[in-house]
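Same chain, two partners: chain A is paired with chain B first, then with chain C.
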Partner chain A sequence: MPKDSGIGASSKRREDVRFLTGAGNYTDDINVHGQAYVHFLRSDIAHGRINNIDTSAAEGMPGVVKVFTGKDFEGVGGMPCGWEVTDKHGAPMQEPPHPILAQGKVRHVGDPIAAVVADSLEQARDAAEAIEVDIEELTPVLDMKAAAQDGATLVHDDLKNNICYDWQLGEADDAKVDEVFANAAHVTTLDLINNRLVANPMEPRVAVAEYSRGTDEYTLYTTSQNPHVIRLLMCAFVLGLPEHKVRVVAPDVGGGFGTKIFHYAEEAFCTFAAKACNRPVKWTASRSEAFMSDAQGRDHVSTIELALDADNNFVGLRTNTYANLGAYLSTFSSSVPTWLHGTLMAGNYKTPVIQVNVKAMFTNTVPVDAYRGAGRPEATFQLERVIDKAARELGVDPIALRRQNFITQFPYDTPVALTYDTGDYNGTMDKLEAAADLAGFAARRAESEAKGKLRGLGVNCYIEACGIAPSNIVGMLGARAGLYDAATVRVNATGSISVMVGAHSHGQGHETAFPQVVADMIGIDESMVEIVHGDTSKIPFGMGTYGSRSLAVCGSAMVKATEKVIDKAKKIAAHLLEASEADIELKDGQFSVAGTDKSVAWGDVTLTAYVPHNFPLEVEPGLEETAFYDPANFTFPAGAYACEVEVDPETGQVSIEAFTAADDFGNIVNPMIVDGQVHGGIGQGIGQALLENCAYDENGQLLSASFMDYAMPRADDVPFYGVDHSSQTPCTHNPLGVKGCGEAGAIGSPPAVVNAVLDALNSGGRAVDHIDMPVSPSRVWAAMNG
Partner chain B sequence: MTQVSMTVNGKAVSGDVEGRTLLSSFLRDHLALTGTHVGCDTAQCGACVVHVNGEAVKSCNMLALEAEGAEVGTIEGQAAEDGTLNTIQQAFQDHHGLQCGFCTPGMVMSAAALLKENPRPSEAEIRKYLEGNLCRCTGYHNIVKAIMAASGQDVTSIAAE
Partner chain C sequence: MYSFEFEKPSTIADAVAALGGEDAQALGGGQTLIPTLKQRLAAPTKLVSVSGIAEMKGVCVEDDGSVAIGGATTHATVAREAAGSYPALAALAGQIGDPAVRNRGTIGGSIANNDPAACYPAAVLGSGATIVTNARQIAADDFFEGMFGTALDEGEIITSVRFPVPQAASYQKFLQPASRFALVGAYVARFASGVRVAITGASEDGVFRWSEAEAALDKEFRPDALMGLKINPMNMIGDLHGSKDYRAHLVSVMTKRAVEACM
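Up next is the complex of A and B:
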């Protein structure tokens, strides 16, 4: 029987009511009395030297409050990078400055050159058109391999080259790796591209900043996944403001998918300008502007080699990747192709020797950073594609080849720096085979063929490292932040509870799922617990939401704080019941003395905590506890996905006929929400595989800068998905045994789609090894007819 | 500035607008009906869908002055006076048809227009009709399911929740 409340129940989302009635409070819904509007003049060329910016005409335009250029920010810090990667020779990454407004050069289409603050947005836009900019165009740096050559044009003149770092993980002895490959019975090699994507949360980014001269305090409302991180970075590294004078609020946020993690120049600009203009300043991105200024995702060019012995055991893996960072280092960009990518190259397999090489490149494109999955989709795509190719070359069943090489003993130390605590990859694959009815595939293929269609089945596995931590380890790896989280459980006198959490909900349903946990622990109704998030003035601290970490990390902090509350409440109950604290039991909201019928209700204890007339002398009044939780390890969600496609051999059109996910997320708090997270991830993964591509032309012009040009998945591009979460190996090191579910769908689905398309093409008698994403009709047609 | 008058959610309203003021801006900025969202600048995303004289319209693609005298319905007018969700809204909550909520007003308004012209649409008809509404969170699964449920169809056989 499904539970109807508490942990494990599909409680309906309480946040839905405001979203369904138009009562949400998104950042663009916030207007501050007297606000001015900012419009950014952005570069329309990819690479150029700024000779002169003449703002005099713009300054005299109607309604203009002030015009800013890079000169106004010469004494101000640039946008910081939060992760220092050390290259394979021990040198720190090259870390060029990233000014709020361009200084000296423009480095990508969309790089902000100037900003106009005016009484109305229209006036700001009109005045921006009157700014005269003299820019000498330079050769744009676009192709990563060419950019890595000696003598290539430099994106940053002060750097020695365009290579941010040349990084390596795993086996450092090249000769040893060479030997493994030389002695292998079979080697499969694959060149592939992980296409550049744009996260495109439906809500564009917005910032509204206000400043009070009376109190010297700032408030920034912003579309962020992590308001405390924004406050810390902006105060400490960019504007040099005292943190306690700055409040950052991320109210309802309309999706993030990674791209709202980062501290953006527009946030710092609005905060700076609010004081400089002594007026609130608001900026709302248009969608076209979002395409030019939101950090983009993926964009890896890789060669992967898999060595197998005569029995088809994986014996070696080597990858060489060029990772595009774009023109500047976005907040966590450096960590994505390295510690979030290289560490996952073992996948679900016991490959003994692995070497990962990554050159991270500066180019004249929009900065690239974490997008749903962040490094893990790139690793999974390479690995699961090369395994599929190997199976085809060897003429073996791709599922059997995977099963044969699965890790089956846990904990397992990979050759690429991780320790998997638990998992059951065969068990999860069993679930997939049943849920996707793989036994019935042959009959479905025959039906498709009878209609003149090619049908393909693609299967793959994935593993991800989530709940990124612990802080001491990530610190050694270069993180400039701790990756714990915090929660305060504030029990009110009448027994209701406010939980202030550092995680931020922007679609994940924390306001529903988190109370399920606290209510379950105490035995009270979920409706008595409310979550508070997204406001630095209300929450002790928080690292925010990304990397599928909220429940695993912040949820654990919440559990710890609730345990502290219960411990204290038991002391009070023991006093009221004139019993020993050790004998007090809490069940269904009642404290009772073990083995007796004496009990006192939760509400009576909480009231006593605040009206402490009859109270233990050694206990402080009140009932509120805070906990910080720093995980002992990453969590390792894993799964197996199956995709069935039909390909029209006449047109190359691919249609997804079935998609099934079997995931092991450990314990699950709200199955409905978990399923929804997987659906969304699969939708984005199918988007990457079939539709989406962020394209630049040879001049560095962004060709796909609107929803007319960038193909977002629509309702009729995708099917209903099957999801099965019954394979559950609970995380061994957090109190809830949860692993995280937010990114799995986006990580596991692209290789399943591509494997399925290739299976279809090969079933039709075409020997096609590989096809790049997005698998568009023209690419499929070319592969069939090329 | 020109005065424009219309009925919004059954209430007569008027305001002074520029010729270029979009209906979406009029609703959001003049009337503070911020449930209508703007997610793009090319009339693709559908977060701004409202009803104008009973038809689903992208309010970012219509001038406020074009709505002179019109009956306009927005997401704020969908629930009952006492706050009870209407059938479509309730189905979206029951079937987890929304996550971040940003596309949701447009989805609900489009779904209402669909069910008005086709009270029992098939899955394929729903997916086709929603071509003009983008959602980045749900992968559409639960949106389609919710609309089927709102039209009285049995959705228990549809995989997962």
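Up next is the complex of A and C:
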């Protein structure tokens, strides 16, 4: 029986009422009295030396408050990077400065050169057109492999080359790896491109900053997934402000997908300019600006080699990846191709020897950072594509090949630094085979062929590492932050509860799911619990939401704080019931004395906490507790996905006929929300596999700079999904036994789609070895026609 | 956008007068022009909306059986009101953009713009329609002058478009995945006097008639008649969404499918 409230219930998303009725409060809805508007003059060339910027005409234009250039930020900090990666020789990564406005050089189309603050946006734009910029064009650095060559043009003149780091994980002894490959019965090699993506949340980025001369305090409203992180980075590293004088608010945020994790120059600019102009300053990105200034995703070029023995056991794996970081280091960019990617190369398989090599490159393109999945999709794509290729080369069933190599004993130490606590990959695959009716595929293929279509089936597995932690370990790996989270459970006198959480909800449904947990623990109605998030002045601290960490990390802090509240409430109840605290039980919102019919209601206890007339003297009045939670390990959601496609052989058009996901997310708080997260993730994965392509031309101009050329998935591009998450091995180290579900769909789906297309293109005696994403009709047709 | 004056006359004569000033521009549904203005890529001094001119709106069947569509008629209206009189044209209009675009965008605006990937130009050329302006009548064969180019003079307004109705016709559109304009669209119309085939989306020169296909279909109006017919990829558009070769290939496939749909 599905539950109708509490943990395990598909409670309806309460926040959707305001989102769907136009009652949300997004950053662009915030207008501060007297605000001015900023327009950024952005570079329209990819790489050049700034000889001169003449702002004199612009300064005299109507409505102009102030014109800023890079000169105004000399002595001000640049945008920081939050993760220092150490290269394979033990040296720290090369970390070039990233000024708020360009200094000396422009390094990508969209790099801000100047900023005009004016009474109206149109006036700011008019004045920006009057700024005269003299830029000497330089050769743009675009191709990663060419950029890595000695003597290549430098993106950053002060660095020794364009390689941020040359990093390695796993087996360090090349000779040992060579030997494994030399002795292998079969080696499969695959060259792959993981296409660059633009996250495109529905709401573009916005920042509104105000400064109070009277109190010397700042408020920044911004579209962020982690307001405390923004405050910390901006105060400590960029503007040098004391944190207690700065409030950062991220109100309703219309989607993030990773790209709103990072601290952006525009946020720091508005905060700085609010004081410099003594006026609130507002910036709202246009969609065109989003395309050239939001950190982009993926963009790896890889070679992966898989070695198998004569019995088809995986014996070795080696990958060589070039990872594009773009022109500057975005906040967490350095961690994505390394600790979020290399560590996942074991996948669900017991490959004994693994070596991962990554060269991270600076190029004259928009910075690249985490995008839904962040590194894990890139790892999964390589691994699951090379396994399918090996199966095809060996003429064995790809599912059987996977099953044969599954990890089955837990905990399992991988050769790439992780310890998987739990999982059941065969069980999950069983669920998938049933849910996707894989037995019926042959008949469905015959039906498609009768219509003149090719049909293909792609099956793959994925594993991801979520809830990135513990802090002492990530600190050793180079993180310049801790990755715990915090929650305060504030019980009001009448028994309702406000929970201040460090996680940030920008579509995930925390406002519904988090109260389900607290209400369940106490046994009260969900409607009595409300989540407060997104405001540094209201919540204790928080590392925000990304990496599918919210429930696993912040939810755990919330559970701990709720436990503290319950413990204290039991003391008060014991006093009221004149019983020993040890005998007090809490069930359905009633405290009772074990073995008696004496009880007192939750509301009476909470009222007593705030009206402490009859109260235990040794207990403080009030009922509010805070907990910080630092996980003992990552969580490891895993799953198996199946995609069926039809290909029109005349046009190369691919249509997805069926997509089934079997996921193991451990325990589940709200199955409907989990379904929705998986649906959205698969939609984005299908987008990457079939449609999305952020492409630059040979001059570094963005070819896909608008929705006219950047293909987002639409409702009719995706099928009705089958989602099964009945395979549940609870996480062994957090109190809820939850693992996280936000990124799984985007991680697991691209290989399933591409494997399915290749299966179709290899049916009926055809032979197509490889195809790159996005698998557009044009590419399919070209692949089929040699 | 830059500031401009705005007029919304109710007669063609007033609109023509209003367009007499320097750098004045007609505004149809604004689906192309407004985004262009927002990006500051155009700076007209004055916009003259034609959407208030009653005589430029609606679909009617003329005495000679041709279907006349007012220059300011929206795609949605054509999709609805031409469904009986010229179904292939109505179907084409119903496939343009999304409902918001169809409820605003107009046939006059689409043809005057002559986007190389637009749908209407294929129907106009494929049907051998006549473009009626405030000053003259222009045969479709003389109207389209390459990408974004037309025979229209400065300030000239398309007041209506007259379509002779073929015995059978079909428009087959292969979607560009991002914009969902035509990556390649083929309009095939079979008249007693002969077959016309117009292709959009494919060529660097904008919409064009595929005369080899017309000749083959004149002989024998069957999909097979096109077998082996290939268009030269040289002048085709090659971009992010499809190579020249791919577009040339799609021209054959879409034309064949249009003939099949006419059978």
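By definition in this document, the second predicted complex is superposed on the first by the 785 of 786 C-alpha atoms of A that agree within 3 Å, B and C clash if a C-alpha of one lies under 4 Å from a C-alpha of the other, contacts with A are read in each partner's own complex, and residues count from 1 in each chain.
Rule of thumb we're sticking to: a residue touches a chain if its C-beta (ideal position, glycine included) is under 8 Å from a C-beta of that chain, and two chains touch if they have at least 3 such contacts.
The structure displayed is predicted, hence computed values, not measured ones.
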First, second, both or neither for A:D16, with chain B first and chain C second: first
Contacts of A:S288 with chain B and chain C, given as first, second, both or neither: both
Touched partner set for A:R231, first chain B, second chain C, both or neither: neither
Contacts of A:H156 with chain B and chain C, given as first, second, both or neither: neither
Contacts of A:S776 with chain B and chain C, given as first, second, both or neither: second
Partner chain(s) touched by A:F257 [first = chain B, second = chain C, both, neither]: first
Touching partner for A:F707 - first (chain B), second (chain C), both, neither: both
Contacts of A:H679 with chain B and chain C, given as first, second, both or neither: first
Partner chain in contact with A:R107 - chain B first, chain C second, else both or neither: neither
Which partner, chain B or chain C, touches more chain A residues: B
Shared contact residues on chain A - chain B and chain C: 122, 288, 707-708, 712
Partner chain A, residues of chain B touching it in the complex: 20, 28-29, 33-42, 44-45, 47, 74-76, 78-79, 83, 85, 89, 92-94, 96, 98-105, 108, 123-124, 126-128, 130-131, 133-145, 158-161
Residues on chain C engaged by chain A in the complex (per definition of touch): 1, 3, 39-40, 174, 177-179, 181, 183, 239-243, 245-246, 249-250, 253
Footprint of chain B on chain A - complex, ascending: 10, 12-13, 15-24, 26, 28-29, 31, 122, 199-204, 252-255, 257, 286-288, 506-509, 671-673, 675-676, 679-684, 686, 706-708, 712-716, 718, 720-723, 745
Complex contact set, residues of chain A against chain C: 122, 125, 129, 288, 650-653, 690-691, 693, 695, 703-704, 707-712, 776-778, 781-782
